[in-house]
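Input: structures, listed below.
Two complexes are shown next, each including chain A; its partner changes from chain B in the first to chain C in the second.
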Partner chain A sequence: MAAEGKMDALGQFELHTALGGLGRSVNFTNSNLMMLLGGGLIIGLLYYGMKPRAVVPGRLQSLAEISYSGLLSMTEGSIGPEGRRFFPFIFTLFFFVLMGNMLGLLPYSFTYTSHIAVTFGLALLVIVVVTAVALRIHGMHFFSYFFPEGAPKLLAPLIIPIEVISYLSRPVSLSIRLFANMVAGHVMFEVFATFIVLLGGAGVLGASIGILPLVLNVVLVGFELLVAALQAYVFAILTCIYLHDAVHLH
Partner chain B sequence: MPQLDFSNPLTIAQVVWMAIIFGALYYVLARYTLPQVAEVVDGRANRIAGDLDSARAAKAQSDAAIAEVNEAGRRASAEAQAAINNAIAQVKAEAQEQSRAADERLNQQLEEAEKRIGEARRAAMGALREVARDTAGALITRLTGQAPDPSAVQGAVEGAMAAARS
Partner chain C sequence: MSDDKGGSFEERLQAAQTRQASNAPAPASGAKGTASPMGIGVRVGIELVSALAVSVAIGWGLDRWLGTRPWFLALFVLLGGAAGVANVWRLMMPRSPR
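And then the complex of A and B:
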C-alpha cells in the first residue's frame, strides 16, 4: 500500500482468511465475509422493510417493494410470464452482485466481484441453470437452437460452430465484463490515491496540484456507484435474456 | 494480479464458500423472504382491484337507478299528456253533444211554435170570415132594412177575402 511506501494498486485484491482461527481452518476468506454481509443486508432489508406489512408503505418498505417489483417486472418483461419461476434466482443474483459492487466501494472492505474466480463461478452457475432449463423444457429439441430455422442447410457447417462458440462464450463475456469493470474502477481509485500521497509529499506546489487527483477520486466514487448498479443490472438482465432463449428457443 | 493466482488455495476456497453462501441466500430468499414481500404486494394489488371492482359495481348500480328515474319521469309525463289529451277530447265531445241537443230542442220548439202560429192563423181566418159575413149581413140589414141573401153575402165575403189575400 502507498502508506507503507510501496505502490501496489493490486494489494487491495489480495485474499486473506477471515474470522480468525476458525476461518483459517476452513479457508473462509475476507471475500466470503463480504458475501455474508451482503446477503445478510438484503435479507435484513426485505425482512425489516416488510415487517410493518403496511398497505401504504413507509420508506424502508418502499425500498424493499421497489427492489421486489422492479426486478419482477424486469424478469417477466424479458422472459415472459413463465419468468416468475426464475424470479428468486434473478433476484438473488442481482443483489449478490450489487452488494459485492456496492460494499466494495466502502474503505477497508473487499470487492468480491473483482475476483474472476467469483464472477466466473456465478456465470458458470447461470449457464448451467440456463442449459438445464432449456433441456428440461425442450429435451433434445434444445439442440436445434444451434441451427436457426430457415437457414440454408448448406451453411450448417459454418453456422453450427459459430452458434456453439457464441453459446459457450456467454459465461466468459458475462464474467469478464463484471470482473474487468470492478478491477478497473478499484485500480483507478488506488492509482489516483497514490498520486495524492506522492504529490502531497512534494512541497507546496505538489500539494496544490495534488488537489486534482483528489477531486478526480471524488468524481470517480460517483461514477463507480453508477458502474456498480449498472453492472449488477447488466448481469441480471443478461441472465434474463439467456433464460428467455432457454424457455422460447429464439 | 492476486485474482489470477490460482496456486493460492484461497482463490478456489472462496468460490466454494460462495457456492454455499449463494445457495443459502437463494434458499432463504426464495423460501421465506420473497413470498413475504409477494404477499404484501399482491395483497395490495388485490385490494386495489377489489376496491375498483366494487366502485365499478356501485357506479353501474347508480347508473341503472338514474336511468330508471329518468324512464319513470318520461313515462309519467307521457301518461299525464295522454290524460290531458283524453280529457280535452272528452270535454269537446260533450260540448258538441250538448250543443247538438240544444239545437235539436230549439228546432223542435221552433217547429211547434210555427205549427201553433199556423193553427192560430187558420183559426183567426175562420173567425174573420164569420165576422165579415155577420158584419156584412148586419150592415146590409141596417142599410136596406131587409135581411140579405146569406149565400150572396157568403160569395161576396169569399171574393173580398180572396182579393185581399192575393
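And then the complex of A and C:
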C-alpha cells in the first residue's frame, strides 16, 4: 500500500525510550510514559473533580461522580450485592484501559493497549484474581466448576479437559479482543492517511479525490472514540462476569 | 446511590434493603442485546481462535515435555476446537435460568 516513502502502518506501535538519557538508562519507554500519564489523569480527575464537594456538582465533579456510580452499579448489577468489594479493582481496570485507548487517539501519543504484552498482562491479572477469589470462597469445591453436575461420569475425561481449556482461553480472548481492536483502528487511520498523502501528490484530480479518505478519517476518529470506550467497558464487564462465576460457581 | 440525604436512618436503611433485594435476583445478563452482527462475528471468531491457541500451546508443551511428538498436539487441537465451540455456545445461549 505504501510502496514509496517510509509509510509503515505498523511503525506507530514501536517502542522508544522516553525522557532522554534517564529513560534510556532504565529502559523507560513511551508506553510507560503514557501509562503514567493515564494513571495521573485518573487520579487527577477524581482528586480535582471531588475537591469542591458541591451538593450540586459542576462538570468535572459530575464526571467523577457519574463514572463512580455508573461503574458501581454495573459491578453490583453483574456480580450481585457482594460484588461491591471488587469495585476498586473493576474501577481501576476500566479506567486504565479507557485511558490507554483514549490517549492513544491523540496525535504523537502512543496506545499502550495496542501491545499484547500489556493487554495479556492485564488479562492474566484478571484471571489470577478470579481464580484466587473462587478458591478463597469455595476452596476445593471450586474444581467442580470444571465438571457440570448431572453430566454422565463416563464423559468426564472429555468434559474436564474441554472445560479447563475453555477456562484458560478466557485471558487469551480477553487480551486479543482489546489488542486487536486497538491495532485495527490505528492501522486503518494510518492506511487512509497514507491514501491522502499519495493522492495529494498526484495532481489536481488526485487531490480532489484525496478529500474522500480525509473525510473517512474524520469519521473514523468518532468511531474510534466509540470503540475506545466500548472496549474498556467490555473488558470491565467481562471481568465482572468472570467474578460472578467465581463467586457463585454458576 | 447518592440521593440518600433526607429521611431518618430507618427509612434510608429500608431503601437500601429494597435496592439490594431488587438487585439480588437479577442474574447477570451479560453485555448482550446491543451487539451488531459484525460484533457477534468478531467475538465468535476470537473465542474460537483463543481456545484453539491455548490448547495448541498445551499440546505442544506436553509433547515437548514428554517427547511424544505429534500425539498430544493432535489430541489437544481436537479438544481445543470443542472448547471453542463450547465457549461460543455459552456466549450465544442465555444463562441458565436457575
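Going forward, the second predicted complex is superposed on the first by the 246 of 250 C-alpha atoms of A that agree within 3 Å, B and C clash if a C-alpha of one lies under 4 Å from a C-alpha of the other, contacts with A are read in each partner's own complex, and residues count from 1 in each chain.
Note that a residue touches a chain if its C-beta (ideal position, glycine included) is under 8 Å from a C-beta of that chain, and two chains touch if they have at least 3 such contacts.
These numbers come from a predicted model, not from an experiment.
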Partner chain(s) touched by A:155 [first = chain B, second = chain C, both, neither]: neither
Partner chain in contact with A:165 - chain B first, chain C second, else both or neither: second
Touching partner for A:32 - first (chain B), second (chain C), both, neither: first
Partner chain(s) touched by A:128 [first = chain B, second = chain C, both, neither]: neither
Chain B versus chain C as contact partner of A:241, first or second or both or neither: second
Partner chain in contact with A:92 - chain B first, chain C second, else both or neither: first
Superposed model, chain A: greater residue contact from chain B or chain C: B
Touched partner set for A:76, first chain B, second chain C, both or neither: second
Which of chain B and chain C A:65 touches, first, second, both or neither: both
Where chain A meets both chain C and chain B, residue numbers: 65, 69
Chain C - residues contacting chain A, complex: 1-2, 20, 23-24, 26, 28-31, 42-43, 46-47, 49-51, 53-55, 58, 76, 79-80, 82-84, 86-87, 90, 96, 98
Touching residues (chain side chain A, partner chain B) in the complex: 10-11, 13-17, 27-29, 31-32, 35-36, 39, 42-43, 46-47, 50, 53, 55, 61, 64-65, 68-69, 87-89, 91-92, 96, 112, 114-118, 121-122, 125, 179, 183
Chain B residues touching chain A - in the complex, by the definition given at the top: 1-4, 6, 8-19, 21-22, 24-26, 28-30, 33-34, 36-41, 43-44, 47
Chain C-facing residues of chain A, complex: 65, 69, 72-73, 76-81, 158, 161-163, 165-166, 168-169, 172-173, 176-177, 180, 233-234, 237-238, 240-241, 244, 250
